[in-house]
Each structure stands twice: as C-alpha cells, then as structure tokens.
C-alpha cells in the first residue's frame, strides 16, 4: 500500500444510496446473500444511531490520526468516513473537534475500527459513530497512511465510494455497483417479511410458513412426548 | 445428544415462578448459595429489561436457527427460550419476526448464548433479550439440533422447565425443584438487607454490622496511621 | 504488599480537585502529556456518569470484598473508591448496600477493576461506577488485602490521595502533586480547542489549522486524482 | 449446590474406559453426534499429552483450591480431576505438589477451567494437564465448594464418573452410560476413515467420496472458468 | 458474493514465488511498506512451520466445510489453501483426512481463520497450518459458499493467486502483481540488515546506526542522570 | 510522564539478584505474600526460557520502538528490558536485530507488554522473551516516550532497578529493596515444600498435612456416601 491520497473517487449513484436508506442492516445483509457485514465488535455510541452514505476510506498507523485530517478534505456531503488501522488499536483517534469538522463538510457518520472519544459531545451532536472502543486515549500525527484505497474494516472489504449503512445492529457495506440491485432485493424481502409478520403475529408457526417440518424429518429429528 | 424435540416437559409450578418474580438476580443467586448464575458476557439489549419464566431449551448448530422454529411450537405462555449453540457463535439467530412469533405464543423473553438482531424493533416491542452479541448476521436452517434437552447456557446448566430470571445484572437459573425454597430464602435475605440498608444509610459500617473487625485481626491485617 | 490499612493519607488539595471538575478525561489525559488514562475496558454503568475526587485505594483477593468494607471507614467526603483485585475477576464485589454505605460517608463514586451488581439501583441512586463487568456474582469476606497502598487499576498506577476523574470516555488519574498544574494546562487546551472548534465549524481544515500539509509531504504522502 | 463431598460414585466400567483409550477426541466427539466437547480455550501444557479416565469433579471458589485437596482423598487409580470455578479465574490453583499428590493416588491427569503452575515440573513428570491459563498466581484455602457434583467445565456438563478423554486437540466427555456404545461407534468411524484416507491419498476427491457434487448443485453453487 | 467456484485463476509467476521463499514474514511485510500482514491471532500448529505458495481462497459458512472439499479439486501443486468463514468460528473445519487429500494434490499448507483438528497427525505429516484455534469440533457439509473469490482472512485481503508466506511469526500476503518487486526489496533489506547486525553485535547502538539522537532531541526527550 | 531518559539508576544488589536465581516465579510470588506477578497473558516464546535480572524500564507509544533503541544505551550486563506501551498493542516492536544489540550489551532478556517478531531467530539465540503477542508487524521510530521511569507492565508496577524473574509460568517483579528478604523467604518455602513433597509422594493427603479437615467442617462442608 503506497502512501497516497486519492482525491476523486467514483461514488455509488445518489439515487441508489437514497433507495437503501429505508432498510436495516439485517435486511441488506440478507439481500446480498448474507455478505458484506462488518464484525459485531463495532458498536454504535448511542442507540438511535442510523447512517447511510458513501465511503471515504482511511488507513492509519495505530495511535496516529494524521490521515483522518487529510481525508476530511476529500469528503463531500453524503460521505461516511471509514477508518482502519494497520494493527489492532483502541485509541480514541476521533473526537468532538473532528466531528465538528466532518459535519462542516457534510459527512454523515464515522465507522472506525479503533477507538473514539468525546462520546458525550458526539452523542449530543447526533453524529453517528460505530467504533471498536470508547477511549479518551489521544493520538499523534506522525506517520503516513492512505486515503481512498481499498481497506478491511471490521473484517469487511470496503472500496472507496461503496455504500455504508449502519444502525443499532451493526454496519453493512454495499458495493457501489450493486447498490440498486440490493435495494430492490431488500424491498422484496421486506414485503415478504411484512406478510410473514402478520401470519406469525396470529400464531402461525415458522415451521409451517417456511415448510420446515419435512426438513426436520429428513434430518432425523424425532419428537418425544 | 440425540436430535430430539421433547414436547411435554415438567415445568416449575406457576405459584413458585410467581413467587420468584419480585427478586433480582443477585438476591436469587445468593439465596441459592451463590450458584446458578450465567456468565456476565450475556447482556440485556435494553436497560429496563426484566423476565421470569420457565425454560424451553434449544441446542442449535452454530449459524443455524432451525431448532428455534421447532421450539416455538412447544412453548406455552410464561416460557422463556434458552438457546445455545454447539460451538461459539455471534450470529444473529433471532430477530423481530421470531420475537413476534414467540410473543404470539406467550413467550416472556429470550436468553441466547449467541447473537440477536433487529434490536431496535425488539426493544420497541419490549421483548426482553439477553445475548452474547448483537449482530445483523443471518443464519440458515440446515442442520439438526434438539429442543428440551439439558443444555449449558452462559456456563450454567439449564434443564427444561427450570425457572430462568433475568434483569440488568444478568441471568440466573433456579432448578424447578428448588423454586419455592429459593423464593423463601430470597425473601429472608431481602428482609435482612432492608434492615442493613437502613443502618448503612445512617453511617454504620459494614465492618461492625457484619462483625468483620475480628476477622481482619485474625487474618493479620494491621492498621497504620 | 503487606496486609495493611493506612488510615490517614495525604489527599490532593481540595482547591486543585475543584479546579479539575470542569474538564473531561480526554482533555486531562492530553494535559498530562497523554498519560494517566485507565484501560478502556472500564466502562460506566450509565451514560451521564461523571465524578472527580480523591482516591482511596483497595486491593482485594479475587472473589472477596472484605477490604472494601474496611476501606469505607477511612473514606472522607469527596473520596472515590478505587478497587483492584490481585488477579482477573468479574465478580460483582460491590452492590447497592455498599453504594448506600459509601454515599453515607461522602464517597463520590467507584472505579473497580472487576464486576459490580445492583446496577439498576446504583443507576437510580446516580452513584457513578466504572467497572470491568456487570455481574450478579457474589463474593466472600475471607482473605486479607490492603487499603491505601499504591495499586494498578485498569493498567494505571493509582496512589492514595491522587485525583481520579471519570466520565463517559473513561477514567484518568491525576497524581496529587500535579493536580494544579494539570488544571492549568487543561484550561489552556480548552481555550485553544474553543478557537479551533469555531474555525473547523466554518469548514477550515485540520490540515491547515495544524499545518499538516508540509508533514504529509515530508512523509512522502502523494496526491492522486 | 450444597457444600458436599460425595465419597462414592458410580464410575464408567473399566472395560469401557479401556476401549475408549485408542481414540482421539475428534473421533469420539463425532461418534457422539458431535457433542461432549469442551471449549477450545482449554489447552494442554505440552504437545504429547494424552489421558483417558473417570471424572472426579471439583467446584471451587475462584482463587481458592481448598476443594482440590478434599478431592484427592476420594480419587482412585484411573481417575481424572475435573476442576471448575464458580466464576472466571486464571489463578494457578494446581502445581507440582498437587501433581505429586494426585499421582500418588493414581490420578491420570487434570482438566482445569482456570490456571495451572509449575508447568515445567508437571511437564517433566509427564502429568497431563489441560487448562485455561498458565499462571504462577497462588490461591488460598478459605471457602467451601463441592466434590463429585455435576459441573460445567469448559462449557460441557461433566457428571462424576463420566469418562474424560484429552489429547492435543482438546477434551471430550463421554457420559458413563454411553461409554461402550461410543467406543463401538468410534471404532466404526475409524475403520471408515482408514478406507477414506487411502482413497484420498491416491488423489480421489472428497467431492466424489462423500457424493457432494449433487449437493453443491442443489445449493445453487455454480462453476466459473 | 455469489456461490461460485472459479476453476482457473491467474497465479503469481512461479519464479516470483520461488524468489520469495528465502524470506521471513517480518522482512516481506516491511518490504511491502508494512502492509499485507494477517492478524497475529493466526498461529502455526508447530514451531518449525514454513510455507510459501499461491492462494486458493475459500469462503465457508461457519461450522461447515463443504467448500473446502470443492476447493481441493481446483488446487495445483504449489498452492496454499486460504479458508475463511462468514462469521467468527473456532470449529475444527480441517483435519488429517483433508490434509492427506490436500497433500495428494500438491497443496503446500493451510491458512484458516477458524479451527483445525488432528493437530498431532498434521504435525507428524509436517503439513503447515496457521489457524485461529485448535478444536476437535466437527463441521457439517450443508451450506453454500465460494471458491476463488477475494476474501478477508485474518484481517488481510487475499485475492486468488496471491502469494501467501507463513512462518513462526505469522502470515503475509503478497499481491501477485507485486511478487517480483517485493522479493527484490526484501533482498535489499536483508543485505542492509546483515550489515547492521554485524555492527550491533560489536556493540554499536541503534541510536547511532539509525541516526536517532537528533530525532530524540527534536521530540524533546531529555537525559537525566 | 515527561519524555525523559534516566541514565543512572539504583539497581538491586547483585548478590541479592544472584540469590533469587534458583527460584521459580510461583515460589517467589508466594514468598512476597502473593504479590508482584505480571498477568498470565505474558507468555514465553520458548518453553525452556528462564531469566533473572535488573529492570531497565521503557515506555513507548504504540506502534513505535524508538525508545527501545534509546534504552539499550543505558543497559548494563545483567539487566532485563521491560517494555510497555501507552495503550494496547500487539505490534512486533522487538526482533532479532534488537536481540543481537541487547545481547552485545549484556541484556539477559525482554519482557514486553506488546508483540515480538523473529521468534525463530530469538529462540535459536536462546534470548529469553515474554510477550503478549507474536507478530511480524513492524513499528516506526517517530514519537517520544521514556526510559527508566516507573511503568506498569502486565498489570504489575515495575521500578527501574527492580529484579525481574521469568520462567515458563510467567514473570514476577521483586522490588529492589526486598530482594534479599524475598530470597530468604523463598528458600524457607522451598525447604518446607521439599518436606511436603516427600510426604505427598508417599500418599499422605494435603487435607492432613495442611490440617484442612477442621476448616472444611467449620465451613459446613459435609461428606455424603
């Protein structure tokens, strides 16, 4: 990985991004064939958090947030910062000031595979953050990294411009080329689930709705009284 | 473990279950001689969570929620689902739809030694869940397991029909045969604690209330000015 | 470490403690040259938590809270209990009754490198607690330990009488001799940050405010279009 | 759990124990329908470790090895000590002296859901140990526990007298009633695997031997050149 | 991610693979600008382990090794299996039989972001394995996955055909296009290090060899007697 | 913590260091009243490892080994490097070259609360290392730290000049002032244990040797046949 900052990236089309906004991460991840999900150790800093935008990716040296400052300059309204480190770290690389700066440039939120601080202030600002840790530990600005290269964040590959969607259940990455298709599949899934929900609410069983009784029999599961 | 679903189980008597409802997990665990507690990695998905009911136990293959669907059918009002996996997993095996289905059958809550998803919706429904992880990761329905066999959940043995009590401090299992006795011991402990609380609030010391000064002396603890 | 209880300790001067109360942990940790922070695994039991006081240190055997009872006697109004164990433990060594007792003696909060229980009650009391775990698991009172000796809590050295400050971001220890100096440095940092915040809010970049463009160049970071 | 020591327990028949000795844990666990395995965090202290015997179960307070001393008295030649703690601990509860004592009573090894120490000496003695941690941390003898009650060790239920088998891959528990049946199933599996091994060694594919091509097709897996 | 098996992939040129064989992972990772390293939780099953080959990537459902069987068919002599799961798992997805099969097809080793079993047998065979866990836990063959798609293994992106190098320090991925360039940089680094080693062995200081005294001064580090 | 390098420190007397060399960490930790032990996550890189020397302490920024180079200059024959980082890191901050350099200055070993690399070469050199991780991940030399200030390593306080003793069971710190006294207590303990070992080897029980039967009775432990 060279120490580069890519200024102009191809982002998912804004119509496609828009079309993904109504769906939760569980639905989107299923709509992509159960892929694209980040690890569950990434947790939101407050419960009502929600964000959907295009990824600006940042790769930092652990304990160093120099490249986040560089990344803000290339952000556009609607972007989400996706920050990774080259080895495990829980340091608080992002705080209120960076939140203010990011918001001034239209950034919709932060996914960080490391720590965050000033969580009270960021919560008050309603600036959505998913992080691996909350830590007041400060960082330096001494070592090179990269902006807008492919990164691994929370175990998922993120390419610059991909759509990143987060809610209380986690964070999912939708490759920019697939955004429209995924929105469509998510819509279909949601409609199916609406019907299923009604039937379940009336007491029908998943065993019957999903035709699982025969599967249990084939697998050799037996009933005992 | 054979792949069986036990339809009819002996549950703790409902009077005994009722009598346990007023107590917190810390009190119940002490009333049982400091036993029966699940590991603290099981956390509630919202802070005001509270549940007390009889266990329907489920053993699943990791990444597979087939047997939860099978379990719902044998649930009765007042039951709590206790779901385990045969090896460590954080997948979101249970979500809103299963919550709706479980509630339709009178299920009081879920203890799951794995992940849960749709946490916003489950919180809104006030469906109590204690889990090891929150994860949007979906599961398949492909491999056999068992319902209503003895399981280990969060490090504690749970037999079908045992009473399971959860609150913000964690989850405790009361063997069905002991429920009445435990409720009585918990009541006595609560009364003792009420008296102790009053004395402590006035500034009396635990050292004096519990007669610990002599113990410190015997253990060779010395005071230095 | 001998099994001693030191009754009288030199505490940070109350004016200095007072002067630290306005600052968050991130600011204080930076004002000390990025030192003094406890590990981020210590988390508050509720989000609006905040405390600042002088440390009463307690070293316990794991699974044993005898020495906490001994420590309460030597507490004075404004103190904070800093409890450690001699090996890793998540047991709930402190609960509502100890909270009531501590509060009766003017204790401002608890930092515990182990577990806490009765978290609903402690939250209702607005008694600030930072802990490694929430666990209903009870403890015994059988083994000697020490009160007011130097301890390691959450990876940081705490001497009796040091100032301990906690908020939602974590916990920081200010050596008693440095309290006044740290408050001054924190004040200066806060003023600088207020100016920076305004500029960032208007869209100025950290790259320019902190003069990072030259650093990027020297590190060999290149821009690509 | 009452504080009891059960002196006489029903052990698996020695012929059945003997018949299990030739098999590895992976084979036995499969022969039981993929059950009975302890968590993989239990690791042997040396690589050539191997043991098979009947369980004497011990439940200790964390940081306290009193009950291990009590357990040795009820051990018989061929037994294996299975030690658990009532909450997570890594303390070195067992060392060379207990190893010498255990061996003098014919004990074949130790499974401990906590720490072990004197690992150089125990390795030299070729005393097989599987533990969660290696730690020089000593323990006290102050709190009651139990011997020969059902316990959970490494996530698996162990009843006194069950057969415990350990090797470099981990530890498996065979319920005493199932020992003979499991040995038979393991023998059959081993024979099948011997045939399969030969075919695989010649280059035949698992895809063909296990007839997986049709399964891939049914699952919708497609080949791309 | 679609459920596909890509039969023919472009592999790094064998001359380039050959040229990387003499270097350790630390050297290669530095030669790539400190990138390409997998997480340190991936550990070899024996200490003298060493492997260098071209990646066949496999993405499996947790608890399911169906796709490993499919992958073997597309392996060529010199390949290394790189196996990932779609969520965290420690199950023993690969054992002796798969080792025999892989070897019959010329596979040089296995990197698996999950568990491995039959470690005694695999060690005896000198079949190099790096895994996240050692576990006897078996898996099923029930759910689709993919072979030879880009995967994330141990936090690093691996594309089919990339060069994977493992030793006792860990595992590094060299993108196939960079293999020759990386070998050259590694050679240069090794030569520099040989000279440095000689000087250090004679007692010269890194402070002088790397000209760090001025840096310390600029950073404000001061000497105290 | 200021960025200082303390050149001259008071070391434990060499006679005292010498007198500690015969004892294992378990014995020394007990001889100090069960204190001074580092966390068990610090593991040796090879099994026959053993070291005893005086501590040169080093505090580094995570991902940065600049201060280790500075520390070597102030080392004397018989010293042991004790390296910590200001927040959690597994990076390989120390490798073969630093091992060669350290050895050239008479350094006896390394305790590092982070990662180490070149473990094959360091093992071949028989250079004793206890670390939190093995990782090929390289570090930079960009940020200030300190040498010979009090540090926390593996959860234990280490002052420069203290005696550090490591073996396969872990690492223990003996405060320099206590070295002679601890050696004496360790000698006494060893003699007592030699007698106990003989009795245990003959089949006598710890219950009788340590007079534990009365304690069991007082704790209410009862025997059941």
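Note that the chains are named A, B, C, D, E and F in the order they appear, and that numbering of residues resets to 1 at the start of each chain.
Basically, contacts are C-beta pairs under 8 Å (C-beta built on N, C-alpha and C of every residue); 3 or more make two chains touch, one makes a residue touch a chain.
Computed from a predicted model, the values in this text were never measured in an experiment.
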item: Third chains touching both subunit E and subunit D; value: B, F
item: Superposition of subunit C upon subunit E: rotation angle, C-alpha, nearest 5 degrees; value: 180
item: Same-residue or different-residue interface between subunit A and subunit F, half as cut-off; value: same
item: Inter-centroid spacing, subunit F versus subunit C (mean Cα positions, whole Å); value: 27
item: Distance from subunit D to subunit C - Cα centre to Cα centre, in angstrom; value: 42
item: Gap in Å, rounded to a whole number, between the CA centres of subunit F and subunit E; value: 31
item: Per-residue overlap in subunit D, given as positions that touch at least 2 other chains; value: 2-3, 34, 37, 86-88, 90, 135, 137, 142-143
item: Which chain pairs touch, all of them; value: A-B, A-C, A-E, A-F, B-C, B-D, B-E, C-D, C-F, D-E, D-F, E-F
item: Residues of subunit B defined as touching subunit A within the complex; value: 2-8, 66, 69-70, 72-73, 90, 92, 95-98, 100-101, 104-105, 115, 117-120, 123, 133-138, 141-146
item: Subunit B residues touching subunit C - in the complex, by the definition given at the top; value: 24-26, 29-30, 34, 37, 40, 43, 47, 167-170, 172, 193, 196-197, 200-203, 205-207, 210, 212, 215-216, 219-225
item: Subunit C residues touching subunit D - in the complex, by the definition given at the top; value: 61-64, 86-91, 135, 137, 140, 142-143
item: Touching residues (chain side subunit C, partner subunit F) in the complex; value: 1-3, 32-35, 37, 39, 86-88, 150, 152, 155-157
